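Here the chain labels run A, B and C in written order, and each chain numbers its own residues starting at 1.
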Amino acid sequence: MSAGPLAIPSVAARRGAARMSAVSLALWTVRFLVVALVVAGTIGTILKDRYTTAQWFEFVLFGLTIGSLYAQVALGYTMVYGVLRLINFAHGDIMMCGAFAGYFVATPLENSGFLEVHPVLGMAAILAAGMVVSGVIAVLTERIAYRPFRRVQGFAPLICAFGVSFFLEQTFRGLFGSSVKSYPAPKWEGVEFHWAGLSVPGVDLLVIVLAVAFMAVLYLIVQKTRMGMAMRAVSEDGEAAALMGVDVGKVIVFTFALGGAMAGIAGVFYAFLFKQVYFYMGFTPGIKAFGGAVLGGIGSVPGAMLGGFFLGLVESVGPSLFLDGIGIKAPYELRDVIAYTLMILVLVFRPQGILGEHMAKKRA
Amino acid sequence: MKTLTKAATTGLLFGVGGVYLALVGLLEMMQARPIVFGAVNLGQAVLALLALACGAVAARDAGPAFARAGAGLLGGLLAGALMALLQVIVATVPLQGMFIAASPALRNMLAFGFAPGPGALAMLLGGGIGGLAGAVLAVSVPSLRRAIVAGAAAVVIAGVFQELIQLMIQYEGIIGWIRDFVYTWQGLRPQGAVAIFVIAGGTSLVLSHRSSAGHVPSPDQRRRRRFISAGVALLVLVLMPLLAGAYIGEVLMLVGLYILMGMGLNLEVGLAGLLDLGFVAFFAVGAYTTALLMSGSSIGLLHLSYWEAMPIAVLVSILGGVLFGLPVLGVRGDYLAVATLGLGEIVRIVVLSDFAAPLLGGPQGVLDIPKPSIGSFELGSPVKLFYLTLVCAGVAAFIAWRLENSRLGRAWEALRDDEDVAQALGVNLIRSKLLAYGLGAAFAGLGGSIFATMLGSVYPSSFQLLISINVLALIIVGGMGSLPGVVLGAIALIGLPELLREFGEYRYLFYGAALIVMMRWKPEGLWPSEVRSRELHAAAGEAEPVAAMEPG
Amino acid sequence: MKTKLLVACFGLALLAGAWWPGPARAATSGPVTDPLGVIRIPKGAPIVIGGYWVLSGPDTALGLDEKRAVEVAIHDIGGNLLGHPIEFQAEDDQCDAEGGQTAATKLASIPNMVIVLGPACSSAATPAAPILWQAGIVDIGTACTAPSLTAPDRKATYDGFVRTVFSDNDQGAFDAHYIYDVLKLKTAVAVHDGSPYAEQLAHVFAGAFTQLGGKVLSIEAVSPTEVDMHPVLTRIASEKPDVIYMPIFVAASAQILRQAKEIPGLQHALIYGGASLMAPDMIEAAGPAVVGFHIGYPDVSPTSMGKTYPKLVSEYTKMFGEAPISGFHANAYDGATLAFKAIAAVAKTDSAGSLYIGRKALRDAVFATTFDGTSGPIACDQYGECAKFKGAVFEYTNADPKTFKIGVNPKKIWP
């Protein structure tokens, strides 16, 4: 796509360059304003001295916990975008499917007392249900809604993704009702760890550790297996990969299955942490996770993980750190504003994200 | 053997489809909707349609007539078997703890009111008969088949939309007599259904007879025909609210607003190729500017009249568009979509927040916005405002149409096709992009301005991401870059769901399914602009061999 | 040529639009004369009753709950009124202004629409009620609690609007009184979720609490779909309030309840919720954290009134396969009952069996009808406020959703 060498320095282009400096002045102003706001807010907050160290620690911990979920969902976005150049807007809803599957396994397990006695086995069963259902639905989605567009340029696939998102949400609403379902809370999850005056809820720790473990496994799959290598090849250059004998169709299905399974795990964790399962639960986290993927550099697997964690952290710490200091009322109402602003800033100033390098160049 | 497998697969697929409709709660909901009062309801009609379609599909390419009939029968039986199985399961296992639609009422419906055993048998038989009938229909003479389908479709439409149709024919005299012949209070009369079936079927027969004798129309004729039909459609759009009353007027008003916004977004996406998912932000800017300038409540700033407030709102929207466009000048494609999506959400959250509440009213919104008036004549009702919207949409269409063929329009098209090449050719990227954002925002702001005065109150909850998605979807479903496409898209995606209001939440299910189906079968849109469809077909032709290389 | 045609069409249509006739007015039909028109329902024809609530989107449960309660009310009177079947037609208002306007326009355009119930959201009621009243149709709001809807200075276009739910003003003042005067708690943080209802109530409470002498440390906001409340709660903890006042909806408040237990410094703060949290759903969503949770709610304890409430819940559960899914079903049930009683009071039958209802007479009858409803006594004042707020404070005592029973769990603790 890139036509860099074609750009002959004509008169028009040179005049354009002069105006470009006006634009870059505007961009610099934006940068300056954002930095000034953050610095002023931070200084203000520090001067107010409102929070204790333990409270700051909590902000960070909670941010990392939710960030680990964003990271898992972001992985699916990033992998699908890598192989298909498609923003799969329904990916958040695929997470919701996993949460529902987990719920329908977890509830009888808890009611029969199994989950209390065998936490590891029980959790494994719940996670497996979430993974399988989400994975299967992701693959079906690909088969029915996205496959026809594999070669179509333009915005049709994006619209189709919105269609899938509506369809999944409403299907689950129709099947299981619109009320908020409560995830069971086994007794062992109430464990807390204390260390140097700080307390860490066991669930948070469990979720972070397991999420990181699953992501490490996924990373190994992408890096070391044949299928993972094929996937990376397709992300790199689909046509070349096809010419080299890579079965592109199979790779795409594999990508959806892998991303779906990861989203299923995230869905189970999400429900486990926040105890709520309902049909609309996936949409907002989905969009934010996409922000995480962008942040880390879309197409980059470690980038998505990093971006997700970072987004969670900023969302959790940001309102107290920057907004409080400049005297904004009810700062947590604006936490999504911070997330979206961060995303836009990254897109404007560093479209390749934190870790993405070549991907973005090819895309832009 | 292959025929058999195909018939069986088809039957199972349709059976799964039926089970899905049942468990998702649609069948039960449709059951409450009579088509022919006291005789047939929508739920039964859908079941019958499933069986018929199953038979027809199973019988396709099955060779000789008797084989087709057999395939249809098998498909129908299998689909019926699945539905019967569902009914028996619902009857014996307490499923409702999980699937809320698996109620006794659903079981009763699936068993046609019989006990589980006989009910299952009835469903099996019904499926078989339906499948067979579908297969027979599929092999029958095309003109006859078309006539039957047309007749049945007309009955279903007349029955399902009976309420709206009855609203439109509230007259005495001959129309009243026809109405009373066809309808009762609650729905279609059997005699009315028969009459409609005969008339629609007969018309179809006559038409197909005539067209088979005729000739293939030339492209030139086709184009003329298209314009004539567009003119007729427009005339209907203009006269409709007068004939059909306030509710249709209200629906058309919304359609008009979306047409207006669609025209704006069409400049950005369709012509300049700038994918914008934050379009609702400018809509909000227009609405809030108008509201704050006009409102009589304590939050109102100037208490202007509408004709003073509207131009200011449009100017502010343009300013907003340009300001927003500046930082994202260098962002392209899908990235731009995400950046703009974020922007739209930011605007909504800020409008909602306590932080901006002293100025914008927060969740309580801005109330007490007067209606526009010309002299002493107040544009109070939705129907009157609809004409205002239509006039604005007309002006917008005119501007869009002139722009399309202007220097700027061609610059945008170059931009859309390849930014780097466009720049190399001397297109001023910055100016053309900012103009696209600004003009797009102007239309959205105008829409927002009308929206504010239409409702008399503005709340932040009206500016959801869904609006941006709707506007984008309607121009893509209508056909990107095509002005009639915008109108068609707005009618299909905004008007139709409004008419399906009583299906409540399910209309988003239909909406989602419709987007997927539409994009699958007609990605270029309902009324593609000629350039676009040529491009798409060229691209598809190119892609075919590559796609064929991939197994599966 | 095309352009000219267009212009001609617009001009023509604009002219025609200007002549569009207004709504029907004073009329005599059968035995009834009424300044706003008379509805004639032939023998055997249905009495058409409309309704509009939020039936799609994230707030579906709120509206669906009320729609179902009306269906229970219709079922309870056997589906018939004065020998005519009741036809109930519900529309979706999407809980926003444009949805309310569309729904109201549709309901108003149905000939013979007798009365309309709903909505749940004040933002939908604000544009909708005047549209309905312009067509001579009374609207009985079932959960829209914005004070402006029944304020003494409301415009004449709202004359046809009443509601069987109390105003935020009463609720907020009551809650402040209980917390400050009875519990003697002096500092509070109010939390709202950006919905007009919660934001209004949070501010009304804050005003009343400050006036009594208490200190409102801050008013915080969350989004209704927010799940991770830890950061905002940590922020609240830094202010060390005695009370967290949160008149928000089930999903978000359950999160706050659960997560507040994990935040150091908040374990002992009293959490106090609003009427929308009186539902078995609340227990299920909040789990064990629900125990000790206080809510302000109309006094419907058996001693005071509301013997019919448990019957409503059991009937509802039987009809819809799940217990009530949100907080205002009792108000909606009472709204339907009010409608039936008023219709029965003014409808006249002629010798041919046709029913006649005068629109103005129906409006006046609605304002004049009084009865003991499931949510409390119903009697409208001249501005359409029919629910007298007689408050009570309830406390959840058991985390098992099956034990939900108003007066038992949650138990009435004051007065």
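By our rule, a residue touches a chain if its C-beta (ideal position, glycine included) is under 8 Å from a C-beta of that chain, and two chains touch if they have at least 3 such contacts.
For clarity, every value in this text was computed on a predicted model and none was experimentally measured.
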item	value
Winner on C-beta contact pairs when A-B is weighed against B-C	A-B
Per Cα centroids, the chain farthest from chain A	C
Chain A and chain C: spacing of chain centres that average the CA atoms, whole Å	37
Between chain B and chain C, centroid-to-centroid distance (C-alpha), Å	31
Per-residue multi-chain contacts in chain B, two or more chains	100, 349, 352-354, 505, 508
Shared-contact residues (touching 2 or more other chains) in chain C	57, 60, 194, 219, 221, 223, 322
Of all residues in chain A, the ones touching two or more other chains	173, 177-178, 329-330, 333, 336
Chain B-touching residues of chain A, taken from the complex the two chains share	1-4, 6-8, 10, 12-13, 15-16, 19-20, 23, 26-27, 30, 81, 85, 87, 104, 144-145, 148-160, 162-171, 173-178, 239, 242, 247-250, 287, 290-291, 294, 328-330, 333-334, 336-337, 340-341, 343-344, 347-348, 351, 363-364
In the complex, chain B residues that touch chain A	20, 23-26, 98-101, 269, 275, 326-339, 341-343, 345-346, 349-350, 352-355, 418, 420-421, 423-424, 426, 428-431, 469, 472-473, 476-477, 480, 505-506, 508-509, 511-516, 519-520, 523, 536, 539-540, 543, 546-547, 549-552
Residue ranges of chain C in contact with chain A within the complex	57-58, 60-61, 64, 194, 218-223, 225, 227-228, 230-232, 234-235, 237-238, 250-251, 254-255, 258, 262-264, 281, 284-288, 322, 325
Chain B-facing residues of chain C, complex	2-3, 5-7, 9-10, 12-14, 16-18, 20, 45-46, 55-57, 60, 87, 89-92, 95-98, 101-103, 105-106, 108-111, 123, 126-127, 130, 146, 148, 192, 194-196, 198-200, 219, 221, 223, 321-322
Chain B residues within the chain C interface of the complex	96, 100, 103, 163, 167, 170, 185-186, 227, 231, 234-235, 238-239, 241-242, 245-247, 249-251, 254, 349, 352-354, 362-365, 367, 377, 381-384, 386-387, 390-391, 394, 398, 451, 454-462, 498, 501-502, 504-505, 507-508
